[in-house]
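By written order: A, B and C. Residues from 1 in each chain.
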């Protein structure tokens, strides 16, 4: 396979990975909570997009907005209602809680949607550029992923809400002393995390078949991206996502795609041992 | 110098671009009380960290009881007889005061058993005046209590050398007086003390010798009276007003 | 302490009678009671005492399962294969521990999860050794189902008793005390003379090796293992939850938690197979919000659990 093709594949994959991971990274960085529900949120977004397309005739680009809103609401409620109360507890407690919530969501989704793989087939054809072949739907997905990620970046940089979120990430107590309502910020952040996951899920449904069994894989990828790129920062997630995409593309070509996960995880373990803050990241909480 | 219990030779450590400790050399003889003063950021705590193995030096050596311990880990330093307190107190918050001290006795102090460690712990708690708090969780103690807990814990470790890092920070005058009495009692037991302090009263009362650290370097060393007259020290740390006041007191 | 031990012995004796008075279903249930109690007790050493949130139980369980299965295939005697599997897992755990214990908190938790994932992926791909996704058949014990049932019940029971004894040993010795100090404040523990690295590695290895033995026994018991069964992340989640349910950092807590969990599971959600996971999830949510100290941490006014069971460690409640 052409080197350029591998690179392009890797970058397109990477953009999607970045989008998958950025919400997860934000939640981890700001709340110090690892959101085990993230993978399920992505799958949920994918399923909602699929059913909106199949049963309501809505084009994914349109349903994207609605799905993003729904998932934001879901995330916000979960955080404000449940997770906020245990945010200060030890790692084991928060991790187990989100794990437990994930069990519920996963089960409900499997019952409601069944595990049959669903994909939105838009049939937009392929693009040829020099020797590189790129399906158009992937390009669209990649562009949108980058757009979403950039929007989040802008939000964090320029809006007062965004600045409040960053303040809470840096120092929760100081932020609270500044008059920031930390519990609300937590709820909004978690909501944003869910929103990004759901939106990304809708995009993924255009490119890959989505099933509940993929939830774990998405979660795993999000972890790896965070470790590679660092926590709580959008550039970090972008760098990590692109890096992972490229690594998977290259290793997929060298040893076969079925080993992609193993390589990703092994790399993550290696990084955790040597440089847990990642390539770009701010030091996350422990 | 073979009688020195702790020898630090040309010790240096840089963090990134900052030279935190720069070629520091000094020695402590058994039973001395030595004060270490200097402005904030001079490298005093870093020096203690280097000596106890929390941080490894870029160059230089540390010798304890004649043996080279430059590369030792903190727990080894503790077991060898080198104890230290923290500027920001570090107890085991949910464990009882008794257990906190017993930990010192059991591990670094090489007590024979849990029971033995607890008996020793009780003694040390009485010594520092915390016996009545023995069964409260350490987190429940107010600041002076926590400082005394640190002291008790360090004593339980049966140290030959005790490094006290701003033990009096945050204490009011009355509490400082009590702390002074305690430290004299500790010195009477034959333990060598290196005390880092900003309270000049404490340093001058207790120390037989003073070391002055400034920007990582040892800029002055000697008897208290001489050191506080040293213009370098006055410039770097003490300030003219203090020197003038001391002169007035000396001449009065 | 002795009151709790007595209760434990009494319950174990009751379980031991099971094969002679009840049917195979009950024997099977009792075997699970022993197995999960043993797993929870093992986890407690690294998770409850040392405070390192490990999700690696399934990793070492599966490793032991495969090691035991493969050794049995190679013709080794049953019990010997279990012991050999234990050694393999202990050695591997100590080596992995050297690396993974450098991390703390979230990073450690993820690292431990990653171990399970990587091991599962290796087991799936190394088909020539492990049979890959097709799984591995283990030679079935001769002597008929009743006899086999008894053998495995008593084997798991032996593991439970061994883990219980190990926990008491840890709780009473320097190791336990040191681990508690490490959990409270690792830097202060270092300064007080505790060789933190060795203690953590010992806890991790101890925790892992019993999981290995239990895995090996499990493999022989069910006579067939495959990667998703042996390296199930659900197991890695259930075991800490059981310990949390009972009371982490105590001697009897894991046992109580495991038994309550298994019986609940059997009664309630095995009936609702489809909602299996959701119910587990709900249980977890309820557990976290209503029982922060586990069952043994409950302060019931009428009967004080601590007096009844008498097996909490001696830290009084912080105000």
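Operating definition for what follows: a residue touches a chain if its C-beta (ideal position, glycine included) is under 8 Å from a C-beta of that chain, and two chains touch if they have at least 3 such contacts.
Model, not experiment: these values are computed from the prediction.
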By mean Cα position, the chain sitting nearest the middle: C
Centroid comparison with chain A (C-alpha atoms), farthest chain: B
CA centroid of chain B to CA centroid of chain C, Å: 44
Separation of mean Cα positions, chain C and chain A [Å, integer]: 32
Distance from chain B to chain A - Cα centre to Cα centre, in angstrom: 50
Touch list for chain B against partner chain C, complex: 52, 54, 73-75, 78-79, 84, 86, 90-96, 99, 103-104, 106-109, 114, 135-137, 139-140, 153, 157
Residues of chain C that touch chain A when the two form their complex: 47, 51, 53, 55, 99-100, 102-107, 109-111, 114-115, 117-118, 121-122, 125, 233, 237, 240-241, 244, 274-278, 280-285, 288-289, 292
Sites on chain C touched by chain B in the complex: 172, 174, 177-178, 180-181, 184-185, 187-196, 314-316, 318-319
Contact footprint of chain C on chain A as seen in their complex: 28, 32, 34, 82, 85-86, 89-93, 95-97, 99-108, 111, 216, 220, 223, 227, 258-259, 261-262, 265-266, 268-269, 272-273, 276, 284-286
